[in-house]
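We call the chains A, B, C, D and E, going by the order they appear; numbering starts again at 1 in every chain.
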Amino acid sequence: MSEDNSPLVIGFLCNWCSYAGADMAGTSRQAYPPNIRIMRVPCSGRVDPLLIVKCFEEGADAVLVAGCHPGDCHYTEGNYHGRRRFALLRDLLDFMGIEKERFRIEWISASEGKRFAKVVSEFTDEMTKLGPRKVG
Amino acid sequence: MPVQNTIALKPVNDFLLFVQRHTGESITSCYQCGKCSAGCPTAYAMDITPRQIMRGIQLGLKDEVLDSSAIWLCVSCQICTLRCPREIDIAKVIESLRQLSHAEGRTHAQRDMAVLYDTFLQQVHLFGRLHEVGLGMMYNMRSMHVFNNVMRLPSLFSRGKLKLRPEIEGASEVKQIAARVKELERKPS
Amino acid sequence: MVESDHSSKVGARTYSYYPGCSLHGTAAEYDISTQLVCQKLGIELRELEEWVCCGASAAHSTDHLLSLALPAHTLKQAEEKGLPLAVPCAMCFSRLRTTIHEIKNKDTLNLVNSAIGKELGEPVAVESMLQMLADESISLPVTKPLNGLKVACYYGCLLARPPEVVGIDDAENPQTMERLLVRLGAEAIDWGLKTTCCGAGVAFPRLDIVLKLSHRLLSLAQKSGADCVAVACPMCHANLDMYQKDMIAKFGQKTKLPVIYFTQLMGLALGFSPKELLLDKHLTDPLPMLREKELA
Amino acid sequence: MGEDFTQQIRDKAKELLENGAVECVIGYETGSDGVSARPAFIYDAAEVDRLAFDNTCTHNLVKYLLDKKGKSTAVVVKGCDSRALNLLLSERQIQRDKVYVIGVVCPGVVEWGWNKRSEQLQKRCNWCRQHTPVVSDFAVGEPITEEPPAEFADVAEMATKTAEDRATFWRDQAERCIRCYACRQACPGCYCIDCFVELLDPEWVGIRIAPDENWMWNTIRAYHLGGRCISCNECERVCPVNIPLSLLNRKLEQEVLDLFDYKAGMSEDAPAPLITFKKDENLGIAE
Amino acid sequence: MSRIGVFVCHCGTNIGGIVNVPEVVEAAKAMPLVAYADENKYTCSEVGQGSIRDAIREQKLDRVVVAACSPRMHENTFRKTVATAGLNPYLLEIANLREHCSWVHSDSKKATAKAIDHVRMAVAKVARHESLFPKQVGLTKRALVIGGGITGIQAALDIASAGHEVVLVEKEPSVGGRMSQLDKTFPTLDCSACILTPKMVDVAQHPNITLLSYSEVKEVRGFVGNFEVDILKKAKMVDHKTCTGCGTCWQKCPEKVTSEFDLGLGQRTAIYIPFAQAVPNKPVIDMENCRYQKYLKWTQTEEGKKPPECRICEKLCPTKSIAWEQQEEIVTEKFGALVVATGFKTFDHSVYGEYGAGRYPDVISSLQLERLMSAAGPTEGEVLRPSDNTHPKNIVFIQCVGSRDDKVGRPYCSKVCCMYTAKHAIMLKEHDPEVQCYVFYIDIRAGGKDFEEFARRAQDESGAVYLRGRVSQIYQDGKTLKVLGEDSLIGRPVEIDADLVVLATGMEASEDADRLAQTLHISYNIYNFLIEAHPKLRPVETQTDGVFVAGAAVGPRDIPDCVAHGSAAAAKVIGLLSQDSLTTDPLTAIVAPMKCVGCFACKAVCPFNAIEEQTTRDGRIIASVNESLCKGCGLCVVACRPGAINLRGFTNQQLLSEVMTLVRR
């Protein structure tokens, strides 16, 4: 939670699709709340659960992982593996008290700039409503 | 569009803003392709075609649009809405213009149409249902076209189509509804 | 009114029935033929008590809230009966379906509720008579197939548009009526103006428009080889049937083309006599043509 | 029950050691308190009589095979322990031809402590659905084939709590954890040379013994066992501060069953769920 | 102690307008290990790059952070910059302050705070960067061109004439694409066949080009320089080695079928060449309609009437080239570069119920009119009404059918229709002087050299009446078609009794272009047009190195642009193949031998089989990375529990340091 306790959202974006989609949101000037901090990774399959758990351990309010739509992955299978890991991790974190809504996974293609802006806006509003992390 | 004067375009187009807010349709999306006028069955009889009505709103020409006969000759057949390539509900826009024109009493371009509708509602208020013969008589009188459709009366009468006695059912219900509607419409929703 | 046993038992197909003002007036033949056909097919129609007018074009052209409140009142009556509502008149059907569509919006619903002084619950299913009778699952005990009768099916505007509200199969080229009449043995011709307007309610103030539009329809139907036009709307029937004499005078149209309610054609096929179906009530007399086709 | 199984195990051990089939037989013997069992490593045929089997034989002996790489060894396994064999085989940590499995149909293990034994079955034996070893060269006891479907009441009960309560619950557990890593030492699935928790570069978990760090350790340890844990529950048993690790393991076990229809350790060649995928599966995320 | 240099860019006002750049520079100076921080108006300019080079030398910097636009724009530019200053190009990190910050946030304070965070992350990451050295990898000096239309032909010819081997794969039995269906071409009224056929023949005869017609790409593996492609050669049932294309078979074949090439207006036989000038000029057998194949299917079930055995083509073939036993075959070939030129198909106008939904025979598409006007067409160039084969007098053209129309999901303009309709109006007047053409349009779009002048000829010389307005409905009215429109210039509805109505159908991506794009791992938009790397700066490249796109497959485009696109793609391929070896991206995985426990989870998840087994001196079997196959996706790193395998450029340490600098405030 930053100073004015608006939520800190950490975004892991895959270089080939979602990061390009975020760029497209920029070039078409699709505004969205500034809470998200974006990290570029080669593939959603490169996003390590350890990194996500570390984000939550260190107090981040929400994590967004965005990758290519199934079938579009530049490395053919990256998002398929990612999908399984995140599905399991999300349930584990939820079980340990980190609400499921705080960890969101989206498939965003290189041409979906508008959609990227919409997802980030929705996610940030949702996290603002959910409020700060109560424990830990 | 009858050219009386040069159109002085104002920075704030209230008419456009009102119609867009009232109907929820994006009038500025219309790129004047004319497909609505092309399919409109009564466009040939209109002083301004549906496309020109949309253009009128875009340019804020409230008087030309609300005083037109076009909005009264629209039979709300929905062809324009079905085929508009910009997916604008034009029938809804023209319907709201008709309601606005009627509310502001500017129906003189096609007076008879407004007379027909007012007489129709008057019948319904009286009897709860529409009495066709009553509508016919009252319309002829109030529109001063006393002999309208008179030649057809014998053939209709001989076929027993003219029910002289009105069916009166639910009239009180209709009156209460009409009163509540008036009340609700005075308070801005 | 045709006597039908209002047995309390809810038959396989029981509907509340909302005839509308014109079916109790100049369109009596549409009302009678509908009831006869339903009786024959074992469909029970229970007319709503004290139904009121739907407001038609007059309401929705001048007052938005009133145009929703009147049909809403009827919807409340039907809701209290708890039966699906069968509506023969295209205008009433369109106004009822439009109201159901618009009260999906919460604010509109609240406004309409306060207008009719009642709380509208889940609206009952509203079906046009055409949609209801054209249902493939209804078996049609045809005793006198309409062999050799070439029919131009005419839908007009309100049965076809807007598609998402009226639920027609194809807004540009519907086939519902064609499929029904073919099952009765008739031949449905393909023509291009089956959903183009006949002039609707402007007959009184602007009869010239009705004559022009209706003549355009009738001449194309004739040119396409139709023996008659089948309709499912009292206003279309009035415009197409009543003014053919004027059209001959004004446009030199050669012969008259009979305009018949599709329920009258169904009645013929199901064995009712033209008299019972009030086929003699039309200004353009269909009987000569029907006799020539050995159907009357 | 004890006499019969013990004798069969001793005879087999004697035979294996005498014909040199194995260098060592890993089994159980009665502990120095004369009551509870402890692991036994028998290298000499003459000592087979030390071997014994009763309802205090808790330890998962498969873990010791990791130190016997390349040496042919016999091991006594119960139903749950045997699934660890398949896990280590599929992850190429042991070779099937170097291991002689003495599979004992497990009657269930009782709660025991130093010099005391209760008759009450251990928690894990109540939820156990695998009494018969999935792998065995020499079977001891009648195999039980009818097993009721698994249920996860404990997990369900935790799930009813609010997110805040759950977070507080696990925070309290994290507070008590002393990072002794006994759970890791007992678990057959943990055989990494350098465990992630001990890495300083990258320093995933700080060396500070504090709730945040402990919380991350417990979360990642559980995650690393996702789709691999065979619920022998040794981790919870050895935990000096009694953190309910079974809750975490069984939550993941249930999720793996629901999401991927997979049960760990049931076969040697079925790939673990997190290293494979199905293209058109719908896992309820990002749909 | 490393010395990091941070260079924050104003990018004119793109960044500086919202983000307080000086504040970011000050904040950067206070960050750990940052020895120098500065700002530039345009860092990517010569001046900007110069300032970086100078600072590296003067301040002895060993790592650089450029805080400017997206790394996808100028990461390579700045790698070259730091390299020329003697620094390893991979000791660089880009912070995205434009697309992900100034362009999407209006609140200057928050945008600046976010910009500082992004710089902080970049600094934390670059601090953990190590020097990386790209490797040289061999490449296959062969190119694959997918799609044999004019674009594909042009690309293939250019690449081949530069001395490289080309394989041209075409789905149809002949190359030529949509252009082969045209009669004349604008703006010069050249006969399409006259300018296309010679190029088709060149493609067939060029020593460096292997033409695989009636074939499709099934599977693509590998990466730039080393692609491996499975090509499905469909069964032609004719041995093209012995067949001389004499034509006896397709003249005698009794089975008549509607011709796809003639868009349903003409017929072809079961054994056929699609059109006279087809290349290869040898037939294929249509398995669905060949009577002998129907007979064979009948023999299996023996249900229904026994069809004739036929086999006339086999009996009459002088060179015995009919080969019933031929099977479809998959060949796998290696390529260094791929060009996708799969072209377009015309919009299916049967979606327009108001234009008859395809029921009225005299309402045809513009491509069908091309076939009617073509001398090699079904009517040998005589424009006849399909209903009764009479000469039409009143011809109505309707523009924007399937273009600029949200209702049918095609809001874009197809760019070529106004031009080809003007061409049609001119040509029809030449065919028959009594013809009267009406063109319903919304806006005439005739940009480009000689285009507007050409479009004007339709009105000046051919007397075509241009009506501004979209047609709402067409219906059959006896023999003629009633067309209802509005002339929106004078604001009156108009009606025309048309003998023939031509719908100017728009351009769409060709059939299953999305499936092919997925196979090639390139992205495509919602209309299935392929997405180029950058619409202005890299029009024929894609995000995937070594895969190039050209022609109408990328978006609506006319022939001159398609040919230019084809040559542009060829130039890119020639540039790539002219190198003897390729510098591979060094961002690959690497194993720490002492940590690997040999569980090979990495091998199970690697999509490129880049993990190999290696035995250490102490007998342990551990994983090792084949760096020419590894593409740096990082799946193995996440699968490895002990963290024995890491990904250069996106190591665990680097990513963790980015997270830690974000959350630890």
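One rule holds in what follows: a contact is a pair of C-beta atoms (placed from the backbone, for glycine too) under 8 Å apart; a residue touches a chain by one contact, two chains touch by 3 or more.
Only a predicted model underlies this, so the values are computations on that prediction, with no experimental measurement involved.
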By the touch criterion stated at the start, how many steps lie between chain D and chain E on the shortest route?
1
Two candidates, B-E and C-E; the one with more touching C-beta pairs is B-E
Quick one: point me to the chain whose Cα centre is farthest from that of chain C.
D
I'd like to verify one number: the distance from the centre of chain B to the centre of chain C, where each centre is the average of its C-alpha atoms, in whole angstrom.
23
Roughly how far is chain C from chain D, going centre to centre by Cα mean, in whole Å?
75
Please work out the Cα centroid separation of chain A and chain D, and write it as a whole number of Å.
35
What is the distance, in whole Å, between the centres of chain A and chain C, each centre taken as the mean of its C-alpha atoms?
56
Shared interface positions of chain E, touching two or more other chains:
354, 473, 605, 639, 652, 656
Junction residues of chain C, two or more chains touched
171-172, 196
Quick check on chain B: which residues sit in contact with 2+ other chains?
44, 79
Chain pairs that touch, by label, are A-D, A-E, B-C, B-E, C-E, D-E
Over in the complex, which chain C residues touch chain B? Could you list them?
21-22, 24-26, 28, 50-53, 55-66, 69-70, 73, 107, 111, 114-117, 157, 161-163, 171-172, 196-197, 199-209, 212-213, 242, 280-283
Touch list for chain B against partner chain E, complex
1, 31-40, 43-44, 48-49, 51-52, 79, 83-87
Contacts from chain B onto chain C in the complex sit at residues 41-42, 44-45, 73, 75-79, 81-82, 95-96, 98-99, 102, 110, 112-118, 120-121, 124, 128-133, 136, 139, 143, 148-149, 152, 155-156, 159-163, 167, 169-170, 173-174, 176-178, 180-181, 184-185, 189
Residues of chain A touching chain D in the complex
49-50, 53-54, 57-58, 70-71, 77, 80-81, 83-99, 105-107, 134-136
In the complex of these two chains, what residues of chain E are touching chain C?
353-354, 356-357, 359, 473-478, 482
